[in-house]
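Next, two complexes with subunit A in common: one pairs it with subunit B, the other with subunit C.
After this line comes the complex of A and B, so read on.
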């Protein structure tokens, strides 16, 4: 296997080489939080981070995104399609859970009916991931319970392991192998480097103590749409929607027209939306199929652990723990799921 | 690859006020580009996302039948910004159309069967599409007896008056119109839709019932059908739900793991009973 070494002081060199071909996105520190932003200079890149507050879904599915632009004339309308979808994107430093979330996104955006979300899919097709293993998973991480692993390389093109003063570099996909080969200045990894990386992977996996029994959860949800547990679960929720805005697998969006009336032009945009908001499903007639917090909290859990599995035979959660870290009411998804696990025991 | 959020452009060809209080209008649209019209290949019961570009977009059932060639029609109730915009649109105005969306009525599966079309109030638009299609010379022979029961609160609310009168004159469709209370000059039925269903007593033998209307009407009419021996599989509904994209991506119209926009909007009662009661 081709394993190489990238010294930490060579990040600039790596960036410069990649930036000539790609729009490079990487974690940066912004207003005290880590988020994935387009890099203009390599010094901004922060690779010694646990995980970003805003998931890198924002690179391919930004909080606000133009669907198309229009100009309005007295009696006509002209529409301009997106012109930037062919640009090559590279995401450096993405974590395994987030890389996997891109697959779940693509599953959803390429199915259901006759239309695919070509905006997302085109961008994904043009995206290369140079990911990084998690030496230090957070206390809120539970990827190992939902089919992931802090050193899962599957969805990466190139995989980095932080060895302290250097990174072990592995080409994973064909595209990634080619890329590593072309970075001919990388030095060769020694057996000791490879051994250290597997030790780090083992330690990382062992350090994740939060667990859920996803099989029982999926099974219990199938038959407990109506259950007192949903009231209990929703009691502390304040309906802020942070859990879903910052969820790497939450895909919902609203669509609005933004018109500059003085210049007769505008754009139809989509913006992140959340099923935790009562306006989300409010109909014009005044009817709202999910007008209580109980129903909305249930929908979020059902979507990830029942509806998504029913449709794709996969869990709709990657175990990143962002929703736990960000919830202002401490409504921990692990606590919620543990309650769901115990439904049968309680109810009989 | 193409951007599924870009609408076809159409122009308003006509605007017709449909009811006495004038909050329901039918707009007829002509595609700017003939090629786009060909691509807009729909069946009765489907809907489209129609937009006033610059104001917004909303999902509306297609009121025209594919047999009415050249244009498409939408019957729209004035509710919010976008629908009010449609109401004040003038001939020649540009309207965006995306679609057709959703599954539509099962035109193939219904072949050879008797069809009972039950509608209440404003929900008659995709039923208009359906009946025009069924009565078309090319397709009439493919289907059995056709009966429609259409109820309204008062005579001024009855949509498509001219069309209904034309159908009343035909011998290949039975048209039963009803209003809630007696009115001077009204010569048809009086009473709630459910009561009229009971009176007409359609046989479930080799038949399909299609029901669109307010929830209370659907519930009571379905109860009458069940009483008459109809099975859940024979009763079809079209659901409404808040939507943004209409193409199974924006998320909000889910009922359990189904999306009303792509798995529906037409579901049989049997299907609905398997879904969570959250619509």
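After this line comes the complex of A and C, so read on.
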């Protein structure tokens, strides 16, 4: 039998076995928020969760990351590159929407091969995903409208389904199949287990009620850059940028140099940035192409639903709904997209 | 009167006043709150037509201080010729305080603003409710009698309103705007000073210096320096915030604790005697940091030292922007 069973009390055993080879990241509850953190003891792992508040992009693309460090000696510069990129990473319990976001990241970080972000790509290459089906999507979830599915296994190496008292384990990629094979102590799944898993998948898919018409949105965005709807959409925005910080597909970063001139050393760091900040697009000349809130709110939608499809033939949104839940002004992206859908064609 | 009936009364009075102001052309637009798309939310809304006033709601979920939209940092509401519109703003006490403070600091012209004063009965503490409910989705929230009822797929949980409102609302002494009839219609009061025991700060004060440091470190540790607190603050209106300046760099931009602490420290300095205690900063924090303890301490220091409470008058500037020969300066060190 291809499918195996992992009992819920065997998580510790699974973790111990994996931790000998990988740095294991999994959802933990920190001050009430679920986020993916490096696991030191298996009791911290919380697999019974809706979705993490902070997306697991932070594992491969942390909010703050040292790119390299350097020391200066007279005229010589010595650069110390990152030594930790060969470490093997395992992300346990990642949801299909977030796993898909890593596929979108690959577009940005390799830019059609024109330019490669070695740090990200190296980490991604060394990463294994043990994902988990999403039994109870939220009302803010709309993955099925953007090409996803609560039980999408495509981007996983191993896929778990929560059957209540145990998990169904399936190897998906070659690497994942090998991994499941090596976990020889897993028991075999029965036909009833497999059947229950597909029932749960069907139920989960049917429970998603929020929808968008992405085709119409992409089409309407092409010709309505100056439409008055953008003013309406941006009116309640306070420009905090939480939507992009917690977005699993947002990749923008700023690069800063920290110099310690007393010790002749320094480091180059990248930190998350957001197009919702006024400073993001400010040019050295003083000109700012996105000087107003209207332009910045429009950019967020355009980037995900127009520029992304244009550049990569994919939507830049995975439908996780985090931006809806976090927006302090409740400027709901579904409401925004529905307004875009309803824009009538010019002259029509 | 229960919270439920109070809410209905407040909502009706907001709608009636808004309609009257619009129909008599006393204002061009109304800034208020409308129903949100999520159970524990509301959305700020700009009403332009009399027919739309029924979109205005009062539901104890009004986390954004809408005076924010008057501050110069935000795009100003203008007509097609670029002339400022007259704005009616639904004003609970802390919105009124922010309007007064912005006027005192000469950031808005009160001639263009009319407050629709209401006697606020508080905001629901959604982060505590979220925390207690845990990994379940809230599908509906309603106020019934004096209870907040949160409903999910096959569960229901009751939270007594008086225990589950924001900590700042529990100690609020300025429930309706402090203003005269010139600037405010509806529920308003003319306050010169308030009496506040700051009993909620006592617990923090009782800590030793080391314990205070530990408390602050622990509270701020999850901060991602996203600056949502700054964005939501109705009295943070600098064109270029000190954290964004890079010539010179005022402070490090990493998310390591020293940088986080420096940001919050300087933010606290900038808000001393200016914070209007609306709690928007804590309500909008994406990682749920409670900044209210810090802002309450600020309020206490300014009250005790200068007998000043921000936003009670549109004329008096905050002590940090003023100079008085009578200020105690016992902290100044003599040269000899």
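Just so it is clear, the second predicted complex is superposed on the first by the 337 of 348 C-alpha atoms of A that agree within 3 Å, B and C clash if a C-alpha of one lies under 4 Å from a C-alpha of the other, contacts with A are read in each partner's own complex, and residues count from 1 in each chain.
Here is the rule we go by: a contact is a pair of C-beta atoms (placed from the backbone, for glycine too) under 8 Å apart; a residue touches a chain by one contact, two chains touch by 3 or more.
Nothing here was measured: the structure is a model prediction, and the numbers come from that model.
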item	value
First (subunit B), second (subunit C), both or neither touched by A:256	both
Which of subunit B and subunit C A:242 touches, first, second, both or neither	second
Partner chain in contact with A:79 - subunit B first, subunit C second, else both or neither	first
Partner chain(s) touched by A:53 [first = subunit B, second = subunit C, both, neither]	second
Shared contact residues on subunit A - subunit B and subunit C	254, 256
Of subunit A, residues touching subunit B in the complex	67-68, 70, 72, 75-77, 79, 81-82, 108-109, 111-119, 121-122, 225, 251-257, 259, 266, 268, 270, 273, 275, 280-285, 289-290, 295, 299, 302-303, 306-308, 310-311
Subunit C-touching residues of subunit A, taken from the complex the two chains share	30-34, 46, 48-50, 53-54, 63-64, 136, 138-140, 235-236, 238-242, 245-246, 254, 256, 258, 269, 271, 274, 277, 279, 292-294, 324-326, 328-332, 334-335
Residues of subunit B that touch subunit A when the two form their complex	1-7, 9, 51, 53-57, 79-80, 83, 92-94, 96, 101, 240-242, 244-245, 247-252, 254-257, 259, 261-263, 276, 278-279
Subunit A-facing residues of subunit C, complex	36-38, 41-46, 63-64, 68, 74-75, 127, 130-131, 135-137, 139, 222, 224, 226-228, 231-232, 240, 244, 252-256, 280, 283-284, 286-288
